[in-house]
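Presented sequentially are two complexes of chain A, the first with chain B as partner and the second with chain C.
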Partner chain A sequence: MIYILSYIIIGLGILFMLFGVIGLFQRKRDFYYRILIACKVDTVGMITIGIGMALRHGISFFTGKIFLILLIIVVLNPFVAHIVTQAAYKSGFISVYKRKDGDA
Partner chain B sequence: MNIVLAILLGLLVPYGIRVAIGPSVWDRLLGMNLIASKIIIIIMVYASMNGATFLLDFAIIYALSGFIGTIFIALFLSERSIRKGRGKKE
Partner chain C sequence: MNNLIIVLLVFWIISSIWCVFAQKTYRVIIFFGVFSLLTAAIYLFLGAPDVAMAEAGISAFTTIFFIVCVEKYYSRGEGLKHEMATKTNKPRKITRYIFPFIFCVALLVLFLNFAPTGYVVTELRDQYLQMFMHDVGGLNAVTAIYLGYRVYDTLFEALLLVVAVVAVIHLSWYEKTAVSDGKHSEMERSRMAKFTMRIICPIILLFGTYLVLNGHISAGGGFLGGLAFASFIICRFLVLGIYDLPIEKAIRMEEIVFINIVILPILAIFTGIMYLAWDATEIFQNIYLIAMSGLIGMKVTLGFFVLFYRYIAIERLPEEGEGE
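And now, the complex of A and B:
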């Protein structure tokens, strides 16, 4: 029973990640849109797959390590996305919609 | 579980395409960051398939070092374009 549940949750996580890929290849969007989509969906996909993994192994060292990885990812992923976006903005990377000549 | 691993490996291709065609250098950095976080998940799934607990230590270390690398690349890129005079000086 637990195995079926864990497969469903892992499948859900994979589904989230596929949605993230769709968000990454929008036609009329620029970098700032993509990093918002990619980072958010990435973290959610990881959490879902992590929980699915943890269910497969019950209470053990394996589950403990998985939750440690999840902790690192939940803390660091948005942090890195923020730093990259701030670095891009500070270094004068103007998003396509604000530019007068509109080059990518 | 092999299907999950296959899908995850298949997911790396779009990120590689994003790194290749990314119009700006920041898109490439974003693509690289995504590939790094995908590899963590692949290690986790592979470790869960074989029940190898020690593999998860690699995932932890790779998670930390991958993110730190991306941070420093972003800082380098922003300094470089500020020095070229395109950015805002604090």
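And now, the complex of A and C:
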């Protein structure tokens, strides 16, 4: 029973990642949208897959390792996206949509 | 041969061709990172997690290193804007992709269909795999090979890093060895960066210590631990803005550590701790392995730290009027 549940959760995580990849290519090629999508998808998909793997494996030392990795991902992934976006903004990169508004 | 490895190998070839034929410097660096990542994945699936971790760590390190160096040598960001502004209007000739692609595909086919015919000498491999626990100690065959059977190779690899550091120090333009002109990084003012680093830095330190102390039992070793420690120092340097680091002491200490790396295996060989000359050698073998891992870790930490510090922190183009 718990095996089926864990497989469903892992599949859900892969589905999240798939939606994100589709979303990356649907939008216009704007840097800010794409980094938002990439960061969200990575974080959410990895958390879901990690929880599924922990359920699949049961309570053991391995599960602790998975939760440590999840903790690091939750802390670091949004931080990295934030720093990259901030650097792009400070070095004067303008969004595609804003550029169009300025012209009009 | 696993199907996944074949897919990875195909992408590996494609990324290497991109890397050679890319038209902009930044693209070359990014494709080189992709190439290294795929290399690490292939190592992992072929059953060498140590090498895969080292490759991944070095690729992450060198990508940042190359980008910052290119940015510096293009006079402070002008290069990036120039490269982004210029459009390469040249029509892409497909013909120049064809020959390397055919060559690589042929190599791939040869590699996949490689079946050794006749008598293959596996004597040395069997000897290593059966006897390493007895001869060198530890549970990790890779560590046993590079700290036991092939220790002279390791000495020369350590010498290579020493030569690289010495070359960087003596060929760089900037003469001073400390930064005290009040320059601060952008990230230093960000509270979010400081908060995150306070959470992450202890984890990195713990991980590095684990890799160094556990290298002879599971995947890990001195090189990876050194990379982790170096990334810790660089994180502190970039985020917390600690600029007055004792670089002279670091250079001096690196030389001392290298002398120790040379002395310790020679002592171990000539006193017979290695290769089981007397009975209760297991504990001595473990002490030797951990000490060598620790020394190599210190060596790599100091080496990468000095390289990073010289190139990225204080190296800059000489100002006009400042003179040669």
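Here is the rule we go by: the second predicted complex is superposed on the first by the 97 of 104 C-alpha atoms of A that agree within 3 Å, B and C clash if a C-alpha of one lies under 4 Å from a C-alpha of the other, contacts with A are read in each partner's own complex, and residues count from 1 in each chain.
The working rule: a contact is a pair of C-beta atoms (placed from the backbone, for glycine too) under 8 Å apart; a residue touches a chain by one contact, two chains touch by 3 or more.
Predicted model only: the values in this text are computed from it and were never measured.
Engineer: Output check: A:Phe31 vs chain B and chain C. Expected answer is one of first, second, both, neither. What do you get?
Structural biologist: After superposition on chain A, A:Phe31 lies in contact with chain B alone.
Engineer: Compare chain B and chain C by how many residues of chain A each one touches, and report the one with more.
Structural biologist: Of the two chains, more chain A residues are contacted by B.
Engineer: Mind working out whether A:Phe19 is in touch with chain B, chain C, both or neither, as first, second, both or neither?
Structural biologist: neither
Engineer: For A:Phe62, using the defined touch cut-off, is the partner it touches chain B, chain C, both, or neither? Pick first, second, both or neither.
Structural biologist: first
Engineer: Once the shared chain is lined up, is A:Ile72 touching chain B (first), chain C (second), both, or neither of them?
Structural biologist: A:Ile72: touches chain B and chain C.
Engineer: Is A:Val84 in contact with chain B, with chain C, with both, or with neither (first, second, both, neither)?
Structural biologist: first
Engineer: Take the contacts of chain A with chain B and those with chain C, and give the residues found in both.
Structural biologist: Common interface on chain A, chain B vs chain C: 68, 72, 76, 79, 83, 87, 90-91.
Engineer: Please give the residue numbers of chain A that touch chain B in the complex, ascending.
Structural biologist: Contacts found on chain A: 10-11, 14, 17-18, 21, 24-25, 31, 34-35, 38, 42, 45-46, 49-50, 53, 56-57, 60-62, 65-66, 68-69, 72-73, 76-77, 79-81, 83-84, 87-88, 90-93, 104.
Engineer: Write out the stretch or stretches of chain A touching chain C in their complex.
Structural biologist: 68, 72, 75-76, 79, 82-83, 86-87, 90-91
Engineer: Give the list of chain C residues in touch with chain A in this complex.
Structural biologist: Residues of chain C touching chain A: 77, 186-187, 190, 192-193, 196, 199-200, 203.
Engineer: Considering the complex alone, what residue numbers of chain B touch chain A?
Structural biologist: 4, 7-8, 11, 14-15, 18, 23-24, 26-27, 29-30, 33-34, 37, 40-41, 44-45, 47-48, 51, 53, 56-57, 59-60, 63-64, 67, 70-71, 74-75, 77-82, 86-88
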